[in-house]
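Paired with chain B in one complex and with chain C in the other, chain A is shared by the two complexes that follow.
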Partner chain A sequence: MSMPSSFALQQALRKSFQHLETNQKTWHSVLAECNPLVGSVGNLAQQLRALSNVNISNTPLKAFPDLQERLHFKLVQALDIVLEKLNEKLVLLQSVRDSNSNHVTAAFQLYERNADTLDLYACTQRSPVAPSIADMLEWLQNAELYYKQQFLKRKTLLHSLRPDDLSLLESTPKRWDSLETLSGEEYITDTLFRVSFFVESHKGE
Partner chain B sequence: MSLRVLTQDSADRGSQRCRMGLGLMSTHGLNLGSPLLVSIARGTCLCTAWPRSDLTEGFIQIDLKCVSPNLIVQPSLKLSLGPSQLTPLTCSKLRHIKVTVVVQSVDFRKNTPLHIINELVKDMMKGVYVWKKHVINVEDWDAEIKYVVVEEVSPDCADAGLVTAKTSVDLVGTQTQRHFQRQLRDQPVDPLGGLDEVCASLREMLELPLLYPGTLSSLGVSCPRGVLLAGPPGVGKTQLVRRVVGEVGASLVVVRGPEVVGSRPGESEEALRAVFARARAEADEGPCVLFLDEVDSLCPRRTGSSAPENRVVAQLLTLMDGMNQSDRFVIVGATNQPDSLDPALRRPGRFDREVIIGAPTLQQRKAILGVLCERMPVAPSVDMAELAQRTVGYVGADLGALCREAAMCAIRQDAQRSGGQEIDMSHFQQAVKTVLPSCLRSSLGRTDLSPVSWEQIGGLQDVKLKLIQSIEWPVKHPDAFMRLGLSRPRGVLLYGPPGCAKTTLVRAAAAASHCSFLSVSGADLYSPYVGDSERALAQLFQQARACTPCILFLDEIDTLIGSRCGSQSPNSVQTRLLSVLLNELDGVGFKTLERRGTERVLQAEGKLDYQEVCNKDVMIIAATNRPDSLDSALLRPGRLDQIIYVPPPDREARLAILRVCTGTMPIDDDVYLEELAAKTELYSGADLEKLCKEAALLTLQDEGMGACSIKHTNFLKSLDTMSPSLTAQQIHTYQTPLS
Partner chain C sequence: MEDQSQSSDSRKCSAVTGSGRKLKDNAADWHNLILRWEKLNDEGSGVAEKIVNQRLKLSPGEGATPPPSAAPPSCSQLEQECTKLLGVVSKMAAIVTRMERLASSQRGVLELEGFQWGAAGRGAPLFHGWPTRLFVELSQGLLESYQKELALKQRVVQELAHTGPLDVCMVYLSCWLYQPYIPADSRLTLEALLLETGHRAL
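For the complex of A and B:
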């Protein structure tokens, strides 16, 4: 095993894990910002439902002309604004995903370039302070896949929304929450713990 | 060294990893994440190599993310793999791929714009190694998109490659999951023999409106919407539909009669409407066939009362009428009793065409046998043409059973002597004995006769020759008959004194000609109900025609069929049976439902063709010992035109009969059969047989149970006690020509 290539790879891995950590934080903060927005989508949907159920000509409000249409327009407009904001957040999530993905790909490409000089057995050697290179590459890939899947699910959820499908809109907050899988998040956190010695140990060097 | 296949870890789902030991990786020259192709049972799977986390050897775990299509349907992994089943690949980055997307629901397919699907697919495919024509399983993404079928990759010098962010993904089309899975399942189409002509006509009918609706509408004609398949059970109606549907690539909605019938009023109609709605939804995705199997149970003839079936029939009629031009599906009904269908169903606009599939003819049987035996290790000595001749009256299902039985025979034999696994003619011959033709099942004249050879009948040489000429020759050598312009006789009448081997002669003729053989007696035909006997006789002829060449034997015809000129009342059962028989013998034609194969013009193509074209008639053999009481209309040429007198045996014939009868007996050297033959004037064949039996019994009586040979004196003794059953007077009446 030639030392320089192995060292470079370890450096790249270390960098990737550091990025993963920051990415995880950003991801969390963006999701936290999304939650109120998604909640308001649900609220607006309920209001739209209530509007469609009420017959305004039977209420004291019948003096106002076109009230139903106006209210409907207003609600839909509000919905549009919320969805617009959500879309912006989605772009943020996408950038997190992409930067994560880029780092993982870069690390992997570095490995592939040097694969011939790296010994397969050395790559799977574990030590008390550092996991093997194979393990770390695998964890990185898993994390990448997790973020890709998470992003795609949220994107498809938002894309499937249509103003005329009220029940779908109403159930949006619940479905948004259900997308967050505890095990997936835990996996990332676990991974970061597992590599923490490895990341910390060489920081000073 | 073989590798044990373990199920994959849940964390590896969708990662395309193939976990194996480090040693295996290094012997194959694999690095972390190198692509490799794993060949499993009937397909291949593209994976990336990863070491197992516990680094042990001898195990392999495969993620079936990118697999060949047949593994999607049956992802059955073998329990072990050899290392040679792993092939390392070098994959380049792809510039361009073309994919078909399989989505779960119709709604998603309709409502989602293509560019969004494209974006999603691109995200999903990034970083995946793909192989041309493989299917990428993306079920673990929990999205509406379930599978991605890789149609083309470019640069197309390689079959495999890596999809990167720079790869452009081109969407060829979308499919729903149900459609996709059905297509996969339908791929292996069972071959079907002998139905090529029917198949082609049905295919044309399905293909024209389904694939070229524009052409027909520009011609200003409406396409046919319904086909009714009629034919006896087991000829392959259902299989034909499945085959044609598979070939055309249409989807199939099957309705079995009892499934839609519910207990509550209105339930059946609702189920029927739901079925039509389903067919309509399927038709949106592509050509679709609605198949009503056993349509006679669903749609029986309506009766006057307001039976619940009437409403189902009415619903079906209105649904079939309600199909408008935009519904792109075709209805196919199958039945074996088209006459019990409601007549309103059988008109253009509902079932436009009726295709009749009869019991297979000789050539069709040969084709069916060829298809069935294709995948069986059949010895080259097996002659399909001969087997087809022997299996008169067998339908496709019977022939399938025959082949299975023959294979079973071969297996049983092989288990005993562990020889080569080949099925030869002897196995088929055994199977023919156990598998009976279903055309003749439940037929009243079906007889299981033990074959008799001509040699077992002593004497009567010229009668035998006449019988061979009129029965065996036309069946076996139709080409010679055609060449000389001979037509085969329609019927043969054997008459003569009782006990002179008339019935045995017929048995020998039937055994020699390999025809199906029906024998009918008075007990079969008589019934206390008016008209029942006549119907039974007509049905018998119908069944006989379904399995031609066929011999119909009417023993003691004088008691079965009366004479119109005699003393009997003109309306007795016998005279009515006579009129049925006369009609069946040369009526104007037969029912359309009895059609078999297609009408063929004879071209001198070979012997089989001659046999198929010429042997379409049922041959009647009648036997009687009272020829004078038969109706004269029966005896004219064209009906029972070959009239053969079976005389009582003369001296030489008696000698031959005695030789045959004593063939199995241990007789002394002093037994002088010529003397016995001379002394037995007026003895019939049956008498002579009795004579021999008596002599043997006398021997046992005299010498005890230990006797081992019969002496001449015993024959003479038994001759003294017997008297001939025939009289000279009787014989004289037979010998006067029939008036």
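For the complex of A and C:
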């Protein structure tokens, strides 16, 4: 009875996991591109801090009275450019999150539509090569949650930055790195391993 | 090779002569000089960073104590890097000298125009719409910012290897890298100059 709908659902799940895999790669590469940018935020903050600690008129540079404000302007301008680039990366991360969410939602909608024909047995049945539908739906939901939270945390971090709050800027690289949760990433990788046979099977159909 | 043929082509096409020719060539020279300056600046900031790092290793101040055996070879290295940076600054000084010559030749063009056409200036503009006076003013502005920047760099290169606190070193480095005396819109000025003289297509 439930064979056709469970087959369609399995196909949708297969697709979702394939997308999860490409999304994971994109996510990683965007994050890798962010690292040098976040590093420069910290670096520029250090330079701004050094500038605010130094009284130019007490240094050999006293012949340049307007140096302090000029250099400050240039540093803030450079910071602005870096933050803008980071914002562009954030948009990329957002699109990864969205595309992931879309696929997961599609799989869930398909499940809900067919929930009547799918009995408990069909949802929890597993085989050596394919996990149960219930398990896979749960993994997808967890992965979706992970990307949502990751994106929000990173966005909040970047949006909290102010050019006059040096300590916040200085701690940015550290806090950015601390958002990287190894367990979350491992969960996604584990999930992909667990479904690898399932995704590989019926690929041609 | 290609560049040469391209530039000779554009010369033939535009067929500008006299004052226009002079101003157009000057605009190209400005562009090349500023490009060379930027290249030297990048080269110099790498060297300056090395100098500060080595100096911090030699006299780390309050922090950790350096391994004593490492000190003597770094000294000669430090000197080497300083010489390199001095070389960069002297090349920059040569660029500024050429910029001065450009600005003065542009003033000459304006004076010639005053001599030929009187105080009212020529009737039609040399290129798209700028009066000759504008070329002189813009190039004077560019020249002044590069002169100031050069003076700052000359000061920095003298002090870089001597000064104590870390913060001051950091300020020297940011001064070198971010060129506080070159205004943010100088790039725009240059592009406008290139547009007006026809080096960039409208």
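Basically, the second predicted complex is superposed on the first by the 202 of 205 C-alpha atoms of A that agree within 3 Å, B and C clash if a C-alpha of one lies under 4 Å from a C-alpha of the other, contacts with A are read in each partner's own complex, and residues count from 1 in each chain.
Methods note: a residue touches a chain if its C-beta (ideal position, glycine included) is under 8 Å from a C-beta of that chain, and two chains touch if they have at least 3 such contacts.
Just so you know, these numbers come straight off a predicted model, no measurement behind them.
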If you stack the two complexes on chain A, which partner ends up touching A:C123: first (chain B), second (chain C), both, or neither? first
So in the superposed three-chain picture, is A:K174 touching just chain B, just chain C, both, or none of them (first/second/both/neither)? neither
Who does A:L75 touch here: chain B (first), chain C (second), both, or neither? second
By residue count, is chain A touched more by chain B or by chain C? B
Touching partner for A:V54 - first (chain B), second (chain C), both, neither: second
Between chain B (first) and chain C (second), which does A:H159 come into contact with in this model arrangement: first, second, both, or neither? first
The shared contact residues of chain A with chain B and chain C are none
For the chain A and chain C complex, residues of the former touching the latter: 46-47, 49-51, 53-54, 56, 59-61, 63-64, 67, 70-71, 73-75, 77-78
Would you pull the chain B residues touching chain A in the complex into a rising list? 11, 14-15, 17, 22, 25-26, 31-34, 50-51, 53, 55, 108, 111-112, 116, 120, 123-124, 126-127, 140-144
Provide the residue numbers of chain A that touch chain B in the complex, in ascending order. 101, 105, 108, 111-112, 115, 118, 120-121, 123-124, 133-135, 137-138, 141-142, 144-145, 148-149, 151-153, 155-156, 159-160, 162, 187
Complex contact set, residues of chain C against chain A: 148, 151-152, 155-156, 158-159, 163, 165-168, 170-171, 173-175, 178-181, 184
